[in-house]
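What follows is chain A paired twice: with chain B in the first complex and chain C in the second.
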Partner chain A sequence: MMTNSNDFPTGPLARYLLQIADDQLIMGHRNSEWTGLGPILEEDIAFSSVAQDQVGHALAFYEFLQKECGADDPDQTAFNRPENRMLCNGLVEQPIGDYAFSLARHWCYDHAIRLRYESLSGIPNPVLQSLAVKLQGEVKYHTFHADTWMKSLLQGSEESRLRMISAIKEVWPLALGMFESWVGEDDLLNEMGPNGHPWYPGEAALRLQWQEHALQSLQGWGVDVDQGALSKLEPVLGGRQGFHTEHLAPLLDEMTAVFRLDPQAEW
Partner chain B sequence: MIIESASLQEPNLKGNIPDGLTPDLLRYWEVLDQVPDPEIPVISVVDLGIVTRVTVADNGAVQVILTPTFAGCPALKWMEKTVREALLEAGAPEVDVQTTFENPWTSERISEAGREKIRNFGLAPPPRRRPGCVGPDLEALAHAVCPRCGSENTSMKSPFGPTLCRSLHYCFDCLEAFEQFKPL
Partner chain C sequence: MPILSLDPRVNRLQAEQVSDDQGPVLAAGDHWPSYQVFHQRRRGEKHSSVGIVHAPSSEMAMALAKEQYGRRGETSNLWVVCSADVLEMDYADEDVFRTTPSKSYRDPAGYKVNEKIDAFKAKNQG
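Here is the complex of A and B:
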């Protein structure tokens, strides 16, 4: 049982779900920073909507963890853990940067989430199974949006193409860090889905699936990908063990400022 | 002990109230059918398909199960509160409203009556899911039917509109923008 928010919920499944929820929470907060700043009104709305979805997804998983895994209530879990108990990855922690950076991150991140939800929809737990199917539908809009803009900027002017390519290079090592291996991963690998196959392929397999899809898309959009150079990039690791980039602490301070005024308040 | 319970299985033509209800349950479903969706007030939470089960216990306590359209729907708390108040006002001695994803919402859950109301509100109702299509049918969304003139000579400007449920489109025949209730 999780008695206070300084403890992780026990069990590999709970830990895996907490990683997804923390990623979604932090990604949602970062994307919401585009509200009022988008390069055009439609993109302002798009990033705000994606952010709203992501915080909603985080909440759905925190609620599951509370109901089924003995975790604290969602507000406590989301806003009352010290930095070293957060399990999000370095990609989602980064500031929004310019639009090219945020778009490249959105594209990398939502395709990874798509793969995680696809795999989660094969889980034997019926509540998580139907939740994963539901959330997959919402993510389809995210990946569609990201693909549309990636394609149009990569095939647009010479300047937009070069800026996107430089953003992709910047994002790549952080994106690889989304697939950091984690404590308990091996236990989850042996869990069978209703069809008799393991539902969770593990982080290395997810990374391969993700990378293959990403490289194929880039080639389809006319980007001459230097696979050798990309494969030499070192992934940014640590998030799944509670070691974070320097950008998380200030974000948590900002996110939790209101909560800390009165941790028991009913909002 | 539960004495009466009714779940919505399939949307039907006259609305989303299940068939063959006892008088008590029918009354409560009819009360819920008057609770408007806050974003599109012409359609009720029942027509929208977010009421998935109503149960009356032997002490008269009512339990309602709701399921959100989008997980991040900001109107959810408001709807839980409004549903509770409407049932208390209709004489339910005790009301418990729960939100779950166990019977998740898709746009296929909107009743025929609800789709008509959405159209009259000026929004294009979500396209019906084609057989074999998994998840929202984004290809159909590329040529949404204009709610003003019925033209399919349209294009999607953005999959994200003023609320999570709506996308933005342009009709080349009316030469005007319109909004679509997104398929999910």
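Here is the complex of A and C:
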């Protein structure tokens, strides 16, 4: 019998974690599409390993949701939800494009995850707190890897520079969509951490932090950023409400093809 | 479009198949240099040579070495050194080592102290 995990786990924290987990699952799946096709052997292995980390992070959060929030088991949560019950953002849904696009996305995405984990490491729940601290080490490498490529290509040849800049412009509105406000955000904003301050800064604040860091990096790499033009770009929204870009459905079809052969199979 | 592969990712690439003689030609300088990677298991232990990575800079070499050589087992630290910066002895000069194996007197095993120790023990027990 096939059942769909139709109900969101209840509570703002569970919903927030599900958003992070769905982002990581879809990002990891997308990035794994480069496996075997990467530009050079060493990078193929490194990028595949990053993808594998991301799927692992998704699993860690799905497991927490199962144990602590009454969600279905991780396989069901990951592979047996219809598209409109997925909460990932539009950035991670995009096809891999060329390597410039995938790198620009990797850079935008992992710096956002870094900020989310930094705030999550201040949460009162000790299980989540230690999970966040553990995962931060991997994300530190992801951002180092992304920064190294961005710097290298932005300061490389004229062609690499122009291609990177065009990829950044393409990625930017999608990246802003990572910080879409969501149902329950206000409740989480009022939750205090062990130090008596709220541990979750909210999407608008995260977006500001992210943008400030991104612009600073670009300037450091010699990119002349037109902030006026950037601020006019409209974020791509909808993912956090279950409205997705046209790229998610085919991805889910492919990702869940084997699972759907026998949804109750033991792996 | 013909099916290039059973792997959907390869078909998505829509890459044209090129024969070997149509592929890009790299000049010698276009190849990335190699970097020697040294791996340290725990703090305080020595770094040991584990292999190479190809990279355009030492920073990129480190980013790539981390996953090639640090993704399994215990790791505390890595070094990367551009292979060109390593001064290598010429194999034509290998003859400088030819007589070394026969110089057994340089081996600490050449010192016969057991007789003296036995004598010392016998004297102190007696």
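Operating definition for what follows: the second predicted complex is superposed on the first by the 263 of 267 C-alpha atoms of A that agree within 3 Å, B and C clash if a C-alpha of one lies under 4 Å from a C-alpha of the other, contacts with A are read in each partner's own complex, and residues count from 1 in each chain.
Operating definition for what follows: a residue touches a chain if its C-beta (ideal position, glycine included) is under 8 Å from a C-beta of that chain, and two chains touch if they have at least 3 such contacts.
The structure presented is a predicted model; accordingly, all values stated were derived computationally and were not measured.
After superposition onto chain A, the modelled positions of chain B and chain C overlap sterically. In the superposition on chain A, contact of A:45 is made with both chain B and chain C. When the two complexes are overlaid on their common chain A, residue A:59 makes contact with chain B while staying clear of chain C. Of the two partner chains placed by superposition, only chain C is touched by A:254; chain B is not.
Counting the residues of chain A that each partner touches, chain B and chain C differ, and the larger count belongs to B. Of the two partner chains placed by superposition, only chain C is touched by A:36; chain B is not. In the superposition on chain A, A:26 makes contact with neither chain B nor chain C. In the superposition on chain A, A:131 makes contact with chain B only, not with chain C.
Of the two partner chains placed by superposition, A:78 touches none, neither chain B nor chain C. Of the two partner chains placed by superposition, chain B and chain C are both touched by A:144.
After superposing the two complexes on chain A, the stretch of chain C that clashes with chain B is 44-52, out of 8-16, 44-52 or 116-124.
Counting contacts by the rule stated earlier, residues 42, 45-46, 49, 141, 144-145 of chain A appear in both its interface with chain B and its interface with chain C. Considering their complex, residues 33, 35-37, 40-43, 45-46, 49, 95, 141, 144-145, 148-149, 151-152, 156, 254 of chain A touch chain C.
Residues 7-10, 12-13, 32, 53-57, 59-60, 62-64, 66-68, 71 of chain C are the ones that touch chain A when the two sit in their complex.
Put simply, chain B touches chain A in their complex at residues 68, 70-74, 100-106, 135-136, 138, 157-162, 164, 168, 182, 184. On the side of chain A, the complex with chain B involves touching residues 42, 45-46, 48-50, 52-57, 59-60, 126-127, 130-131, 133-138, 140-141, 144-145.
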